[in-house]
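What follows is a pair of complexes built around chain A, which joins chain B in one and chain C in the other.
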Partner chain A sequence: MTNAILTGLMLGGMYALIAMGLTLQYGVARIMNLSYGEFLIAAAFASHWLFTGWAVSPFLGLAVVVPLAFALNFAIYKILLTPLVRRAPNRDALEVDSILATFGLTFVIQGSMLALFGGAYYSYSFLAFPVQFLGETVAANRLTALGITILLGLALYAALTRTRAGTAVRAVAVDPFAAQLVAINVPQASALTFALGGALVAAAGVLVSTFLTFSASSGVVFTMKALIVVVMGGVGNMLGCLVAGLALGLSEALVASYVDPGLTLAVNFALFLAVLLVKPAGLFGRATR
Partner chain B sequence: MTTFLTRRAALLAAATCAATIGLTAIAEAQTSIKIGYAISRTGPNTGGAAVTTIPNYELWVKEVNAAGGIKLGDKRVPIEVVQYDDRSNAEEAVRALERLINQDKVDFILPPWGTGLNLAVGPTLNREGYPHLAATAVTDRAPELAKRWPNSFWLLGTSADAAKSLVELLSKLRDEKKIGDTVAMVSIADGFGIDLSGAARPALTNAKFKLAYDKTYPIGTQDLAPIVNEIKALNPDVFIAFSYPPDTLALTEQSRIAGLNPKVFYTGVGTAFPLYKQKFGKNTEGVMGIGGWSGDSPAIKDYLARHKASAANGAEPDRWASAVTYASLQMLQQAIERVGKVDRAAVIKDLQTGTFDTVIGKVKLENNMPTRYWWVGQWQDGEFYGVAPAGNEGARKAIVPKPAWVAP
Partner chain C sequence: MSARIAGFSALALAALALLAFVPRLGNAYYLALAISLLQYTVLATAWGMFSGPTRYVSLATTAFFGVGAYTVAVLGEILPWPLVLLTAAALGAIVAGIVGLSTLRLSGVYFVIFTFGLTELIRQLVVWFEVNKSRVLGRYVFVNITQADIYWQLLALTAAVFLLGWLIARSRLGFALRVIGEDETVAKHCGINTTFAKVALFTISATVMTLVGAIMAPRWTYIEPSIAFNSMISFQVLIMALLGGAHRLWGPVLGAVPLTLLFELLSARFPNTFTIILGCIFLLIVYMLPRGVAGLFEKLSTRTSGKTAQRVAA
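Now for the complex of A and B:
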């Protein structure tokens, strides 16, 4: 039982980690980023390249990849997405425009990765040894990823609820028009949040690359998973993201251990549907007027 | 207005004349052989195509052209390649093939990667009379398809055969008292896993093996720890996974971490990939998987060296369908050279009846399929040798029990 729960927590932590960036980008900056998974894979490739080519540990790799992703995403928002934000008459229009624009971006990123790395599968071994934790044997890299996820989640939660900038970000998430009335620089806050989301997904990509096999075309899997977690938890809600991710991971591990591994997807989607039926705006989401 | 029309008519006439002259010129002297293919450069099939198919197509074209081309009668003509991306999509693959045939007017077509796409393009190639050398398709319908489409050649065999060979090997090991009779089997809930587990289940039961664990998992499962932990608790003699490359790597990794070390450890697609060796190093020793090749044969050693020299980043071929793919290209070339001209019907006839000298040895097809395949390979000392069927030339003896996992 401990083992199943531990596995579930590690898997759920990974789901939450993958989704945290998207909930910021979608919930606050209002950009439904379809190229989200590609950014994750790009970070995984960067980590792979640093590790195999330069023997840089993925933890040090985080220090390189994450700031780089922040800068890149900031630039993308400022150059590519700001015109869309300016032009869109309302939130729904921006959503449609951003879906189309980031869908195109998907091909640009995927194409560059295919040109640079080819289509083959990539994988490397880092911290791939067993450790004893709560009397169970687990993989060190997955446990480390869970630890970092919890740290990132707590730090982000504290930043959003305890700091002035975090409060501004939450205000933009609730109502971008009213936020302007209390002297919040909405375009700036949106750009920074979008970049922060990009930095988070890069962190997820680096951590995930230590234990998952990936290829240039596997980004869509992560976009889908992140989307499910974000919608289930409530768009733009950090806590919802964590709870939804963990719920999916735990249900998957418990069903695989005690019922049948063939039913994990079915249970995932059943849980997703059940949440949407009871709370259409997600676990922690507010119903829109 | 009149002059304009006349001018246009004149232009048209001139163009038609030029086209006709061009056509007769081509008919008189074949200056190149146009070979077309549509391959998955994007989408979910990319990982397989990039390892097994694309490097071999490129290597072959490079080598043939370096030697002056394909011999037609008493002269050599170079190969000209036209290629498209099928985006891992069946409709797209068929559309690309139709374009190759009708618009690019290619002389021969090389097949796409994977069972699904080869099945999808079969009818088109059959209708248009192009030889179809499917080197990366494993399907139980192969004998039936070879009959229905006489232009198609199924070089990788059937899943029933794969399961039968594996169970024969296990029975032999049990007779030698090297293993007991508990088997744990997992399979991916997708084409390959469904086919192979469907064939292995009755074969194992008939051979009186005890199936202690028999479950499937959905494609894209990101943590296989629950499966490995449960199997470890059952302590089986044999572990069989009919898995895809990402899961093959994940199952091996998880087994090493959990300490699941049965006497026979067998995983599916991807075990024969160079990436597997690269990732697990010494820990590959004794791992069995689908595929294998005669690693001691000079032809294979030579092929490995040429592949490494030609492919991007010095990539090695996989130890299953790569050599078969390259052999299929050699067969096509030898058939064209024996016929001596671009006569597709005659080339098909030659492929059906001729004997071919290839990197995997002498090949003579019966009912459009080879007579021997490698079904079980085993990593021994850094090379993935074929161990079953034991009757194959170059078959190695299986190392059983598998040595314990070591710390990386």
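Now for the complex of A and C:
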């Protein structure tokens, strides 16, 4: 039982980390990014390549991959998504357009990765030794990843609530139009937040690659889990993200160990629907719309 | 107006009669191509029937297509063919009803997310069931259906879909959907039962997609979940409907026909980079032709005739 809960918490921490970037992209920049999981897998491949090719530790790899992802996502927002933002007459239209554009992007990225790496599953061995934790044996790489996840989450939370830039970002999330009235550069803030979300998902990708096997086509599953966590927790809400991520991870681990590992996705969706039926705005969301 | 309708239906009947003779040409390649054309035409039109007026992007075409194909794989040898088709249609309608009732009451994003995951969900459930309960993964389809039979069934379905779409567009339901697409709050205030209208149309559109999957299934002799639930179908159908313009009943055809031919060519020439090319084409359409070829026609016709139909394109 303890083992299942511990596994669930580690899994849930990972889901929370994955979803944090998306909640920024969707909650603040208002881009519903369906290619989100592809960026995670791309980062995982980058980390794999650095580790097996140059023996660069994934922790050092973070320092390379994350800034690169930030720059790349900033460019994507500026070049690919800004025209859509300008064209959209309202938020719903932007949502539809961004869904379509990023859906197309999904296939471009996935196709490129398939062409580069093929359809095989990849993994590498990093910190793969057992350690004792709370009386249970767990893999060191998973525990480290959980630690870094918590650090990243705390840093992000502090940045959003304690700094001036973070306050500006939250203002844009609440009302992008009113934010302009208090001299916030909304397009710039949106672009930077989108890029920050991309950087976070790249960090998640590097961490995930240390303990999970992945393939060029497994991005969709991550996109889906991130979407479910974001909607369940309430769009743009960091705390909701954490709670929903943990709930998802726990339910998955419990079902996998007590019912059947083949039904985890069904449990995800059941949980998602249950939350939506009771509270359509998400666990911590306010029903503004 | 009624003279125009009579003219149109005469033209449509003549085209239908002409198309029915394609299998008689005796060329297997052209027949296969014609089947692909019809398949994507029906799928894209069915997609546009729901997503066009409501503007809810559905990414679950593959899910329904796969349900249809898998029904045939399981029941094809047990039941007579018409009953198999009926069962498939009923299953598709039930799945669509459940998905629609649980998500369409809410905002559109939840619907998109749910349809995005639906294919994967159903695929996992099918795999789970096959591995644990029936203990077979992958089934052979041995039914007495020729390529020409598939073609004629698809042609009949195409005619049915267009007739249905035309009737719906003229009915109260079609009008309600257009109002919902323009502004859902206004629709509610007009006394339209928005949930009912959306779920009803989604179910109709999904049932058609399921039927296409069932009709196409005998084309493969071997079916397994990864073949039946191939997410490329959702993507291709979406591209076609968008290129054509989903807000008109005849729009998706304008996208389905040229793109099926193009994909046929591309997948043969560039099998490795096909997905990338597809993605790029799709992005081009989203940026360059947001209202599709149909929108382009409307723009041109209003420019030449100067009528106020521009309101539609605004």
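Everything that follows uses one rule, which is that the second predicted complex is superposed on the first by the 273 of 289 C-alpha atoms of A that agree within 3 Å, B and C clash if a C-alpha of one lies under 4 Å from a C-alpha of the other, contacts with A are read in each partner's own complex, and residues count from 1 in each chain.
Quick note on the criterion: a contact is a pair of C-beta atoms (placed from the backbone, for glycine too) under 8 Å apart; a residue touches a chain by one contact, two chains touch by 3 or more.
These figures come from a predicted structure and were not determined experimentally.
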item: Combined model on chain A where chain B meets chain C, clash or fit; value: clash
item: Touched partner set for A:4, first chain B, second chain C, both or neither; value: first
item: Chain B versus chain C as contact partner of A:265, first or second or both or neither; value: both
item: First (chain B), second (chain C), both or neither touched by A:110; value: both
item: Partner chain(s) touched by A:96 [first = chain B, second = chain C, both, neither]; value: second
item: Touched partner set for A:125, first chain B, second chain C, both or neither; value: first
item: Touched partner set for A:147, first chain B, second chain C, both or neither; value: neither
item: Chain B versus chain C as contact partner of A:67, first or second or both or neither; value: neither
item: Touched partner set for A:221, first chain B, second chain C, both or neither; value: both
item: Single chain C stretch clashing with chain B - from 221-229, 239-247 or 257-265; value: 221-229
item: Set of chain A residues, in rising order, touched by both chain B and chain C; value: 110-111, 114, 221, 260, 262, 265
item: Of chain C, residues touching chain A in the complex; value: 55, 57, 59, 102-103, 106-110, 112-114, 116-117, 120-121, 124-125, 127-128, 131-132, 231, 235, 238, 242, 272-280, 282-283, 286-287, 290
item: Contact footprint of chain C on chain A as seen in their complex; value: 32, 34, 80, 83-84, 87, 92, 95-97, 99-101, 103-112, 114-115, 220-221, 223-224, 227-228, 231, 260, 262-263, 265-266, 268-269, 272-273, 276-277, 280, 289
item: Interface residues, chain B side, partner chain A - complex; value: 40-44, 46-47, 49-51, 54, 88, 186, 189, 215-218, 220-227, 229-230, 245-246, 249-250, 253-254, 256-259, 270, 273, 275, 279-280, 312-313, 315, 407-408
item: Complex interface listing, chain A residues touching chain B; value: 3-4, 7, 10-11, 14, 110-111, 114, 118-125, 128-130, 137-139, 142, 211-218, 221, 252-253, 256-257, 260-262, 264-265
